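Two complexes are shown next, each including subunit A; its partner changes from subunit B in the first to subunit C in the second.
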Partner chain A sequence: MNKGDLFTCPFTVNSEIYNGFISLFNDKNPLHTNSDYAVHQGFSGKVMHGNILNGFLSYFIGECLPVKEVLIQTQEIKFLKPVYLNESLLLHAEVEDVHESVNTIVLKYYFENRDKVKVAKGKIQIGLLK
Partner chain B sequence: MNKGDLFTCPFTVNSEIYNGFISLFNDKNPLHTNSDYAVHQGFSGKVMHGNILNGFLSYFIGECLPVKEVLIQTQEIKFLKPVYLNESLLLHAEVEDVHESVNTIVLKYYFENRDKVKVAKGKIQIGLLK
Partner chain C sequence: MISDRLKNIVLKELDLDDFDFKDSTTADMVPGWDSLTHIQIIVAVEKNYKIKFKGIEILKIKNMGELQSLIDAKLAAVSTGL
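Up next, the complex of A and B:
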């Protein structure tokens, strides 16, 4: 991978992902599970767990890069806008830096929704194995 | 919550969590699914997905704080040591800063294993609702 390389990957926060995430991690905070409460707090409905996006990033790094011999070293995410049930997101990632001396690569990324609104962004540093 | 407040929360990366994470997000990178490959890469066995820890953080923030009216704004994690199947981890979190003017709280945290080795650390900024 080289600096400037671009990748995109589509994801949808469907009910299978949403319910599966709750079953797995048991985060039933009312903001994520109670529509009335979420609307009362000023949102349009139940807000999807931000860490669902981190699960998407796991898939992207583990399965979608041109190399498989990778390991996430650091990861950060900023949540910019709420994501709602059944929203489709497109992940855009770009190789920001390649540090050959220590076999690490830094990617910057953002998720945008169908309205081209960025809902989250951040950086991931990965180590290259082998 | 006040600066210096401490919290702990136990988690175990058992096979239910591990298999459930793979079912949900489909990250079957060989480092996470092929023991021989992982050992060949210098690890003691299959390395658990780092984003399983981010799922644990979702539960911690959503369910274990003294206030429920919270929303994660930013989140970062540094993976320090590999985590293996069936490892039990203890999350330690501390309120690092309270910004009352903007209703945000910054927590710093780390996960340690039973040998008291820190396997990951980072910070989370949360917004207080209402």
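Up next, the complex of A and C:
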């Protein structure tokens, strides 16, 4: 991979993922599980767990890059807008820097929704295994 | 002599408040400096100084003094356009 390389990957926060996340991690905070509460807090409905997006990033790094021998070294994410159930997102990622001396690549990324609104952004540093 | 700039980069990556780095300081003498944090330190040095090392250059480094010398050589090469 080279600096400037671009990647995209589509995702949807469907019921299976939403319920699976709650089942696995037991985060049943009312913001995520009670529509009335979420609306009362100013949202349009139940807000999906932000860390579902980290699961999408894990899939992207592990399965969608042109190389499979990779290891996430650092990761940062900023949640910019709420994501709701059944919302479709498109992940955009770009190779920001290549550190050949230590076989490391830095990707910057963002998720956008169908309205082209960025809902999250961040950076991931990955190591290329030998 | 280890510059404050390099010292602070290493301290930050290792989450250390302070350490008395000398030219002869090796990685195994510094708390937390292992193979994984080594990668973070090199990446941080490359970003901070806006320089790039070669893999073989990193492998040859034996201590902090040699890392400082390599950085200085890279910066000198940049300033002279080499």
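Everything below uses one rule, namely that the second predicted complex is superposed on the first by the 130 of 130 C-alpha atoms of A that agree within 3 Å, B and C clash if a C-alpha of one lies under 4 Å from a C-alpha of the other, contacts with A are read in each partner's own complex, and residues count from 1 in each chain.
As a convention for this text, a contact is a pair of C-beta atoms (placed from the backbone, for glycine too) under 8 Å apart; a residue touches a chain by one contact, two chains touch by 3 or more.
Here the structure is a predicted model, which means the values were calculated and not measured.
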Discussion item. I'd like to know which partner A:39 touches here: subunit B for first, subunit C for second, both or neither.
Written reply: neither
Worksheet item: Is A:99 touching the first partner subunit B, the second partner subunit C, both, or neither of them?
Response: second
Worksheet item: A:117 contacts which: subunit B (first), subunit C (second), both, neither?
Response: neither
Worksheet entry | Touching partner for A:28 - first (subunit B), second (subunit C), both, neither | first
Worksheet item: According to the contact criterion defined above, which of subunit B and subunit C contacts more residues of subunit A?
Response: B
Practice prompt. Considering only touches as defined above, state whether A:73 meets subunit B (first), subunit C (second), both or neither.
Written response: both
Worksheet item: Which positions of subunit A sit in both the subunit B and the subunit C interface?
Response: 73-74
Worksheet item: Taking the complex as given, what residues does subunit C use to touch subunit A?
Response: 36, 38-40, 42-43, 46-47, 52-55, 57-58
Worksheet item: Where on subunit B does subunit A make contact in their complex?
Response: 17, 20-21, 23-32, 41, 47, 49-51, 54-59, 61-63, 68-79, 129-130
Worksheet, complete the sentence: The answer for subunit A against subunit C in the complex is residues 73-74, 97, 99-104, 106, 125, 127
